[in-house]
Amino acid sequence: MPLVLSSILILLAGAALALLLRAHPSRAQAAGVWSAAAASAAGLFAAARVLLTGRPEAFSAAWNVPLGSLTFSLDPLAAFFLVPVFLLSGLAAVYGAGYLKAYAGRKPLGLAWAAFNLLTASMAVVFTAANAVLFMTGWELMAASSFLLVLFEHEKPQARRAGFIYLAAGGAGALMLLAFFSLLAPASGPLDFASFRGLSGGAAAAAFLLALTGFGLKAGFIPLHVWLPEAHPAAPSHVSAVMSGVMIKTGVYGLVRALSFLKPWPEWWGWTVLALGAASCLGGALFALAQHELKRVLAYSSIENVGIILLALGLGMTGSAHGADALAALAFAGALLHVLNHSLFKGLLFMGAGSVLHGAGTAELEALGGLAKRMPSTALLFLAGSAAACALPPFNGFAGEFLIYLGSFRSVTATGPAALAGVLAGLALASAGALAAAAFVRAGGTAFLGEPRAARTAAAHEAGAAMLAPMYVLAALCLAAGLAAPLLLGPAAAAAAAAFGAPLGAAAALDASGPLLWVSGSGLALLALAAAVAAARRYCLGGRKPAEAGTWDCGYAAPSPRMQYGASSFSQPLTDFFQPLLRKLGQYPVISEYFPARASFSTEAQAVFYNSFYMPAAARIRDLAYRFSWLQHGRLQIYILYIVVTLMGLLLWKL
Amino acid sequence: MHTLAELVIVFVILLDLALAVTGSLSTCIRLVAAQGVVAGLLPLLAGGHFQPRAALFAGAIVTLKGAVFPWLLLRARDKSGAGRDVEPLITYPASVLLCLGAFIASSWLGSRLPLPATGVAWIVPASLATIFAGFLLITTRTKAITQVLGYLVIENGIYIFGLALFVEQPLMVELAILLDVFVAVFVMGIAIFHISREFDHIDTAELSELSDWRRGEYGR
Amino acid sequence: MEIVKPLAQYLAALALAPLLPGVINRVKAFFAGRRGQPVLQLYYDLYKLSRKTPVYSRTATWVFRAGPAASLAALLAALLVLPFAGRSAPFSFDGDFVLLIYLLGLARFATVLAALDTGSAFEGMGASREMQFAVFAEPAFFLGLTALARAGGHASLAGMFGALTPGIWRVAAPVLALLTASFFIVLLAENSRVPADDPNTHLELTMIHEVMVLDHSGPDLACILYGAALKLWLFASLIACVVLPRRTGSWATDSALFLLAVLGTAAAVGVVESVMARLRLLKVPYMLITAFAFSALALIFQMSR
Amino acid sequence: MTRALILLPLAAGALAFLVRDDAARRRLLLWTAALHFLLTALTVWGWAEGGAGFEFFPPGGQAWFAYDPLGLLFLGITSLLFLGASHYAVSYLAGEKRDPGEDAEEGFIFNNAPEAVFTGCLLLFLAAMTAVTASRHMGLLWAMIEATTLLSAPLIYFHRHKRSLEATWKYLLICSVGIALALMGSLFLGAAGLKAGAGLDISGLLAGAAGLDKPLLKAAFLFLFVGYGTKMGLAPFHTWLPDAHSEAPAVVSALLSGALLNCAFLGILRALAVCSAAGLADFAGGVLTLFGLFSVVTAALFMLGQRDYKRMLAYSSIEHMGILSLGAGLGGGAMFGALLGAVSHSLAKAGLFFTSGAVLAAERTKRIADVRGLRRRAPLTAALWLAGFFLITGLPPSGVFLSKFVVLREAVRGGRWWLAGGFLFFLALLFAGMAKVFIQMTFGEREPREGEKPFAEPSGLLLPAAAFFALVLLLGAWLPAWLDSLLRAAAAGGAL
């Protein structure tokens, strides 16, 4: 525990130092990066130790604020979430050192690094806090620091819009959480997690719904996701990586913690979570398919993956409600494993997108193309990350999802209503997987393959070593975590056991390690087979030099880059099919002449939930508020009338 | 003696009604002054035995409300060039009806609030009615000056209640309260001067620029 | 022997897979009244292609060159978990069919990326359609296998096919029939056969799979053709396992029967291809949704049984 | 000590009218504020040393001015706030002297009130507020609160133009009328105690609470509530507040919001204490809770689409007064939250008003729509502006956060679901409404206006704001033990 606390302190000191040195951007940057790296190393060590030994650590001190106490606890669950925090933050800091170089002199780098370190520190606080006031302090500082980072390029209107939506969503969520903790609060004394009272009936249901919305607003599942596709692309890419990779997981963590306070769970809770998870993973993948900007694709993919995690949680809860602990244990372990996996590959992908943005100047898919030639490393890493995100073996994405599938089959082959949950979970997972594959093939293919679609992106350049090194590390970790999944199962199960008790945790390790070993084995076999095929191909070529030619375009002599399939044309069959859900806006050419000279066609993905629900709701509320604005119309007489009428009413009513 | 006090109270209520129907500004000012004088004399009438301190205090009130305030307000009226009429926002019959409604409500409230240890009946209804009459003056008349008058009527109502009750108060408190009222009227008078200078007249309809009303920006 | 057998089965599958396209072609030729290609034509083609020097587009990168090999490797790995004649595959574990589905996904991923790498309008089109159909085919396939898992009470392919007996056909014929139909439709779509696709025309705008590989040549094309054969084998043997539950205890007999069933499936494909016209492209998703409905129905029957 | 606390600003105020030299007068203001703060600190220190049983008046005696923990708390806020305000005022007045005002909205030139009047009224205002916090007699309390109204009216009318006159007039009339009702309430309170001979002395009332006449006490509370509630700015009696706050100079707005509203709240708390002692806690609490929530709702509705940033801050004050009222009404632990909220809100809001003065100096407009990219023109001001937003909306660590949390917990614990739900919903609306404004003003590109000179950020205006924000932050991060016990003692005395 001292190690984690000291790493938090290092981060805070780094933040302060970066702020003090803001007049010297390079020094401020050095302070930020080095403190982040040092803190990450210390924190990673501490978290790994807890995970390996399984012994929770704790720290407690009095805190002179009402309801507060400085109680920290590092149990396996917290440690399991802390690993990606420190891992990704450390790597993102290194990446950021390269990424932000281009902004030196134009942007306040000292402030950016202070905010970044504060963000990391506050996430560490969130995962280790065992007191509601402390937790909320970490939670809100996390929101505030990331808000500043979202507004890093505040001269762009969409960044300000994103900042507003993000802040408003965060504020609403935080209020829910205050109510949630108030419900659990003991009769007196500080609101330590250990002293929370048990709830039942309506109070428990209220607490569950508050936690689900409050934490859900941070986790970003549908329909509480609207801030996510706005905010994540707006932030600098290393921050997007941290936000998408770990920050939204604080919502998942919170939900898991909250559920641990509220056991036993009624069945409908499980179904609710399951349904939200299914909606989120399907919707996230579908919306990712319709986006035109690389980082937005990734943001929607984050929604999808949070949905997968939620789906697994819901499956586990439903199973647990029916006494199928083995099933639940598998699902929970799968959920946690996916938390780790997602942070690895999503971090990698956002860094890749950042390199594109950095090298080509834009991340608009319709302007990109052919980057694999100019940015070979980035292309390789991004495509590897894509494969991981599509849960393709041998990468890590598959291992986590496999556990969830396994859980769903356990329930399928079992009897009772849990079977239905299993079927639905598996089906949602499979469908989302296919959609996600389409989305990633589209994004990666359009950005990196073929020919550049715009002149300005033809001169793209590869990212520097500071940016590539963290990406290589993450890609290697993605592969390693895929091949060594059985090793990760133990910690994941221990984390689940720490949250939900032994029956829902430890059993998973015994039950799933066999199939997981096979998965690793087949991953290795796949690699071996690939090597064999490659060798055979090399043998067949026998040293002959392949000939070069233009792309065969079915006889057309002068193919041009503009004839390539673009991102929107690639997804058009699918997005058309799902148009009722996607409601993309389009402009279609009307051809009226025999020899039309030019025609243009454009589609635009819209933020369906935001535009169709939140915006009208907000407009309705604003309209109502404007109606009420008549009350403050400026006439003194009427103002005094308010006083008389109220007084009269009070006297008549209360006397 | 109590009968006399009760007669005075009836007179006060009649003054309220008169205020509701009077259209002339100067009459209004004089009615308020008369009401103030009556209110100031009420403790002497109801008290029974003579106390020098009470007499002194009553004298101060009578001077203030009977002489100083009318003089101040009439001067303000002349200086600001306000017209002779009170310019009500509602018709006079409506004013009277509202006034009567206030009396009914006040008497109901008075029945709910029996005062202990006082021989004078109708104290609570009369003072409440006067307060509401003051509010009527403020809310249904346009001119700034009538609003000051309304404030004074409210003050009268409160005095009727307080002075008739013999709530024993330290002299300093009573003087402080009196001073406050005096300063309030004085400051309001100054403000009226400023208003007439800035706006050319003292119709408060002009005084409604500060507003949050988003007229026409909703319901579309 | 128990270690060698699965390996031998695996090698047999690798060796026999290129037969299936030949069988289909012969059936089609029969219906058309022609003699047709030799059954072993694909073997000759593969040999010929492996000796050729490939031609690469100047647009293409390493992705294009790695694509066919990666795709073939994925399919080879997928075959590792495929039971042969209802017997255990080399790799057999709970949930192995998920691995199978995702390995097919990996193969598709590699092929599609390679197609996009050429920058050709046609190959992009094919890639787009391939991904589109996968979105519909995958859930149908998955749901079918889930139903099978439910029917057999096992979560591994070997387990579920092992538990499949003629008895189950007697009890739950509708379920198995629906599943067979569903799998068959998925087979047609995934292997780009009529009515989803037409493997004979290479230059039509209706093309899906074949147009994606237009630019490949030499050993790369060999990889792709061989991979396609493996994929066909994979689906055909799944269908064979359902249609023909194990009967005898003899390995040799079982294998022979199984082979017959696989070839029969191929022949059925040929028949369908001969008697049906290709669907309009927009209708293909509906066909796959039908498969999905079949699978779902089968599952519902099975769960309420 | 108490006498010195009141007499010092009184004398200084009288003196200020006579001093001719501007610099000397400003020094007088600053020194008086500092001395007053020192005296206050000594008083608080004396209380802390004396412990919980410390009292300034003989239990049976008739002290007019004396301090109990509740009064002491509000004295501390007032004095601290005035110290910051005087620091601000000195540099503000110097700036106004240099280039007297051009109207921000319409561009006409206007005059300012004589500086001597302004400073004198400021000091007398302090004297009146000090007397309010010290008053032990309900009649005296009333007189002093009315005095604050009358003394602050000239302060609001510092800029001599139409709109500030309108605001002053409304302030004067609405508050005077409201306060008159409070006098009626005080008299009712006296009437309720006639039989028991309780008088209007607070100690006497508390001691004889059991013998008070209940219907009259209820009437007294309602009149006092409406009266002081008008002054406190609870909806629907708040109508004067946005006007006065937006038209007064920033320093006056800060004092109005941070100190004056609290004084009125103190009046309500005194009445609440008597009611609680007489066993009418539920009745009084119900009224406070209802209007507290209504104030939050009103503030939220007017926050959306607000066009003037000083008015926005004023509505935020209404919101916080609502929270204070809600906390006081819920009672129990929430009273502590309300008092902590009073302290934090005063500091944070005063800091925000100070900053708004700097914003106005930088941009020469109060219209939100016309302020963009403040970061470009005045980076320090912008940073403070944003910090103030986070603190006032209750982002931890901040005293405001703790007070909201405590109040909310009390509402939830009491099983008041609808109350808690409504409270949360409108708090969220308020947060969103304010966030929009602050983001729009602080960030973005800024087009320099014609003939605009670079803006030198006035440290005299920003320093008090920064200091107050730091204090609010500190309140949320580490509540000093003495303040904690003062708050507890005040809460216990307030709710009894």
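Labels A, B, C and D are assigned to the chains in the order they are written; within every chain, residues are numbered from 1.
Everything below uses one rule, namely that a contact is a pair of C-beta atoms (placed from the backbone, for glycine too) under 8 Å apart; a residue touches a chain by one contact, two chains touch by 3 or more.
Just so you know, these numbers come straight off a predicted model, no measurement behind them.
A.B. asks: Taking CA centroids for every chain, report which one is farthest away from subunit D.
C.D. replies: Following the centroid criterion, the farthest chain would be C.
A.B. asks: Out of every possible chain pairing, which has the most C-beta contacts?
C.D. replies: Highest contact count belongs to chains A-C.
A.B. asks: With chain centres taken as the means of their Cα atoms, state the distance from subunit B to subunit C in Å.
C.D. replies: Spacing between the chain centres: roughly 97 Å.
A.B. asks: How many angstrom lie between the centres of subunit A and subunit B, each centre taken as the mean Cα position?
C.D. replies: 67
A.B. asks: If you average the CA atoms of subunit B and of subunit D, how many Å lie between those two points?
C.D. replies: Inter-chain centre distance comes to 30 Å.
A.B. asks: Between subunit C and subunit D, what's the gap in Å when you average each chain's C-alpha atoms?
C.D. replies: Spacing between the chain centres: roughly 77 Å.
A.B. asks: Spell out, as numbers or ranges, the residues of subunit A touching 2 or more other chains.
C.D. replies: Answer for subunit A, listing residues that touch two or more other chains: 624, 626, 629, 632, 636, 640, 643, 651, 655.
A.B. asks: Please set out, as single numbers or ranges, the residues of subunit D touching at least two other chains.
C.D. replies: 169-170, 173, 177, 181, 215, 219, 242, 302, 305
A.B. asks: Give me the residue numbers in subunit B that touch at least two other chains, ranges are fine.
C.D. replies: 109, 112-113, 135, 138, 147, 204, 207-210, 212, 214, 217
A.B. asks: Throw together a list of every chain pair that touches.
C.D. replies: Every touching chain pair, ordered by label, is A-B, A-C, A-D, B-D.
A.B. asks: What part of subunit B is in contact with subunit A in the complex they form?
C.D. replies: For subunit B paired with subunit A, touching residues are 89, 105, 108-109, 112-113, 132, 135, 138-142, 147, 204-205, 207-215, 217-220.
A.B. asks: Sort out for me which residues of subunit A touch subunit D in the complex.
C.D. replies: Listed in rising order, the residues are 63-68, 133, 136-137, 140-141, 143-144, 151, 154-155, 157, 160, 163-164, 167-168, 171-172, 175-176, 178-179, 181-183, 185, 187, 206, 621-622, 624-626, 628-629, 631-632, 636, 639-640, 642-643, 646-647, 650-651, 654-655.
A.B. asks: Where on subunit C is subunit A touching in the complex?
C.D. replies: Those in contact with subunit A are residues 50-51, 53-63, 69-70, 72-74, 76-77, 80-81, 91-96, 98-99, 101-103, 105-106, 108-109, 112-113, 116-125, 127-129, 131-132, 134-135, 137-139, 142-143, 146, 149-150, 153-155, 203, 214-215, 218-220, 222-223, 285, 299, 303.
A.B. asks: Considering the complex alone, what residue numbers of subunit D touch subunit B?
C.D. replies: Contact set of subunit D toward subunit B: 62, 64, 137, 139-140, 142-144, 146-147, 149-150, 153-154, 157, 160-163, 165-170, 172-173, 176-177, 180-181, 183-184, 187-188, 190-191, 194-195, 199-200, 213, 215-216, 219, 242-243, 246-247, 302, 305-307, 311.
A.B. asks: Help me check something: in the complex, which residues belonging to subunit B touch subunit D?
C.D. replies: Contact set of subunit B toward subunit D: 109, 112-118, 127, 131, 135, 138, 144, 147-148, 150-151, 154-155, 157-158, 161-162, 165, 167-170, 172-174, 176-177, 179-180, 183-184, 187-188, 191, 194-195, 198-199, 204, 207-210, 212, 214, 217.
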